[in-house]
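What follows is subunit A paired twice: with subunit B in the first complex and subunit C in the second.
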Partner chain A sequence: MSQGLLQLTDIVAGYGDVMALHGVSLAVRDGSVTALLGSNGAGKSTLLKTAAGILTPRRGEIAFDGAAIAGKRASERVERGIVLIPEGRLIFPEMSVEENLRVGAFAPHARPHVARGLERAYALFPRLAERRRQSGGTLSGGEQQMLALGRGLMAEPRLLLLDEPTLGLAPLIAQSIFTVIERLRADGLTILLAEQDARRTLAIADYGYVLESGTGVMEGSGAELLADPKINSAYLGL
Partner chain B sequence: MIGRWTIPLIVALAAACGVPFVAGDYLIGVALSLAMWIALTESWILLSGLTGYVSLGHVVFYGLGAYVGILLWGEVGGVLAVGGAGLASGVFALAVGYPALRVRGPYFVMLTFGLAEFCKYIVIDVEAGLGQFSRLLLGGPSVLQLYYVVLGLAAAATALTFFVARSRLGYALRAIRENEEAAETVGVPVAFCKLAAFALSAIIPGMVGALMVARSSYFEPSQVFDPIVSFTIVTMAIIGGSDDARGPFLGAALLVLLSEILWARAPQVYMILLGILLIAFVLFAPGGITGRLLSRPVKVKP
Partner chain C sequence: MQAILSWQLLFAALVTGSIYVLVALGLNLVYGTMRLLNVAHGDMVMIGAYVSYWLFTLSGLSPLLSMLIAAALTAALGALAYVGLFRRLLANRQLVQRLEGNSLLLFFGISIVIQNLASLAFDSTPRAYQYLDRVVAIGNLGITENRLAALIVTGILSLVIVLFLRFHIYGLAIKALMQHREAATVVGIDVERVQILSFCIGFGVAGLAGALLSMMEQITPFMGFPFTIAAFVVVILGGLGNLLGGMAAGLLLGILETYGVALTSPSLRSVLIYGVFILVLLVRPQGLLGGKRVVR
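Now for the complex of A and B:
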């Protein structure tokens, strides 16, 4: 596999003494949507947090655009263009929708582009524009997910790490989130997408990895994985 | 915001400067105490109001400043002693802040309380080891001089909190208060911002501590590290409103007034009233006086 925009090599990481990843390697090619599949507790969130710098790996290397970044703090990685949209829509509940978005442009490289970012976020999610004065905590689950995505885009990312963006959302809203992901890819953004909805994820993914109990067990193109009988039985319920 | 509050603040400051011309020593003493509490509470708000990391040990900076102040005053003079006290408290905050600010919520509350008590007993032990149980500071400045300096520090603490709250750092601190993990994902250097707020909140209490030792003309560790000081700061901030720089004026004014009226005549009544006020505000007006009475509907910008 060719060198990716993001390259994780032999990552061991976890919480305290409990390791959630036992030597995982993964590459995300520039301009691709890469899927990260696996059941609850397989290590998907841990992997994304490690890539974003929220979690420091016990072992392993992380390279972004050819530079080693394992020792860099989360804020420095955002400055380089790695932005995590965490699971559970961690928005700022007391701030208005617009303030939430503005905080998203906190990184120095994103600050000059606030106006453009707001415009783009409101174009992607007209619902947010309607609710721009409302406080974030009063939004519905789907709207909060839109806000979390919009806020992440304000940081002018090159690589978006999406952690379960459709978790707990109504099917129609989930579908609209996938539509947005495809639009972002079309705009040239590179995306690493952790999802439980394997079918829909693989349908839009260029490449995919399957994690089980903190170990990579399978990888391949989206079409290959979709056609794989093991994937079918384990994640698609066929 | 600046426009609405600049003029009342300048008027208040001018009035405060004029106090000594019309008041006797007793009232100057009361005004000094008011200025001291405003300085302490403003600096507390810079940390706890803005980040949501509630410190119950703010007295530690005051006490350390008092100790450094009494040690230096006779050697290098008042100005350098007060500056050294502020510097020492700030450096202390930088040293303990990184580990302390890794715990949140009730753990941070208990940690700061414990840290202040720990420092108190360290100083008591050091002093006992040196054969000193209290120290005297003779030939210090007059109450009038102290009043103007502490008034200046109160103004400085207010301005610092006001401008930090509206700065990029204040924005980051607010994001941390609302959701620290989310703040980290948008690129806020969380650890650095918290440490900066902690150190900035420590300097002025350190200077005030040194000045108040000069006011009482003696130093006694269990007095300058008294946890009641921390409790009073928190109470003033809660009653006044801890969300911005205006709160402490009202909280401190109310409590200093109550204390002057009641403390000498009926100290028990004062403490009971303090407790009732605190409970009432927490239950019915958690935003404090500023949050409850002065808040206006959010203006919608076009």
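Now for the complex of A and C:
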């Protein structure tokens, strides 16, 4: 396996006594978009939360930019540039859109760049600029996803962990989120993208992993996975 | 009836209310960020009051200066309580299951210890001192200087707190942690640090309120408890975890109490406060103001 910006090795993790990952390894190359595929409950979110430091793995190693970080807290990982855009958005409902964005720059390295970050977030999502004084809880699902993305970008990430960013969104809005992801990649961000929409995800991914019941069952370039008959039957419904 | 409409009474209500605003803030912060029920909170008011009392009596230091010492001391006690006790409580999986109840018992014990230590050290006779006790006339309103000073200080401090919560990155982080703990972790907020800060601000502001209070009223080792109760009433009134709602509710309780006492009798003061408490719990348990649900 090639050395990556993020390298997970033999991760065992879960909730309480129930493990959701049973020894998963994965590498995300610098500058790539890496897809993480799998059906409901396969362990995608668990993997991303483990990488972000929200969950502590029972076993396994996590390396970022060559340094072991398995013991680091979530805030320290954000300081190193690992930022999770969580499933379900997790917006602060009673803070305004702008406050949500500002607090995204909590990490010390991001704090001096709040003004630049706000400008960039509003340029990327003009809808947020229109709603900057509105409280986060009053936004639509699509707007909340934009806010979650914008808030994550405020932390000046090097690696974005995106957990089902288009879940439950109207097709047009989902499409615009994918456009933003491609734009971010073009700006040099590295992205690990968990999605159920395998076809569209593999179309923009350089590389992909498939999880099944907490175990990695397949990996390959986007094109390879797209052409694989098993993937086709399991995730693309062809 | 004339007395009820006087500026005098309104001024008294604002002074009482503004003290409640400061005292209740800390209770709300510590509950909102960590779900800890601090029934020893009023005792920080007592400690602050004694700090200013002794510094004034022994060295003549103005309470308007010693309030900073009182705040620093109680803030340090807050940090100590967090690091020594509550950090462990929060980290323990079994204890966290019944966090509210466990914290209430712990703080109750702390409160008893603090009150008894204070009465051992200072005995329980009520104490007071005279400072800025001239009456100044503003129009036909006659007010003592120390009350005016207290109102100015609480007003400025409240404004600073509002601005802090609105603009400072740590103010935003406190609100974020109160609204959504997991999301706060996700965006990289140093939860540990924000929790210590909540203890320090909450305790420190209560200590400062005590210092101000010592200029105006008699102090005893047991003066804290009524403030704990008042703070709980304010926090329920403003909506648990709603900091700005709590500040408005503090003023409201000051007004209700002062006018209620003026209309009835001073002996009914606690009946009034408990009455408001029970009424709100029965009629609007989510709080009079705000009334939004807090996401855990």
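Everything that follows uses one rule, which is that the second predicted complex is superposed on the first by the 238 of 238 C-alpha atoms of A that agree within 3 Å, B and C clash if a C-alpha of one lies under 4 Å from a C-alpha of the other, contacts with A are read in each partner's own complex, and residues count from 1 in each chain.
One rule holds for everything that comes next: a residue touches a chain if its C-beta (ideal position, glycine included) is under 8 Å from a C-beta of that chain, and two chains touch if they have at least 3 such contacts.
Quick caveat, the model's predicted, so the values are computed rather than measured.
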Quiz prompt | When subunit B and subunit C are modelled together on subunit A, clash or fit | solution = clash
Quiz item: In the superposed arrangement, does A:R133 touch subunit B (first), subunit C (second), both or neither?
Solution: first
Quiz item: Now for A:L8: first (subunit B), second (subunit C), both, or neither, which partner does it touch?
Solution: neither
Quiz item: Now for A:L90: first (subunit B), second (subunit C), both, or neither, which partner does it touch?
Solution: both
Practice problem: Tell me which partner A:S75 touches in the superposition: subunit B (first), subunit C (second), both or neither. | Solution: both
Practice problem: In the overlay, answer first, second, both or neither for which of subunit B and subunit C A:G104 touches. | Solution: both
Exercise. Please identify the positions on subunit A that touch both subunit B and subunit C, taking each partner from its own complex.
Key: 52, 54, 74-75, 78-79, 83-84, 86, 90-95, 103-104, 106-107, 151-152, 155
Quiz item: If you look only at subunit C, which of its residues touch subunit A in the complex?
Solution: 166, 169, 172-173, 175-176, 179-180, 182-183, 185-191, 292, 295
Quiz item: Once bound in the complex, which stretches of subunit A touch subunit B?
Solution: 52, 54, 73-75, 78-79, 83-86, 90-95, 103-104, 106-107, 110, 133, 151-152, 154-155
Quiz prompt | Complex contact set, residues of subunit B against subunit A | solution = 171-172, 174-175, 178-179, 181-191, 298, 300
Quiz item: Which residues, counting only subunit A, touch subunit C once they are in their complex?
Solution: 52, 54, 74-75, 77-79, 83-84, 86, 90-95, 99, 102-107, 111, 151-152, 155
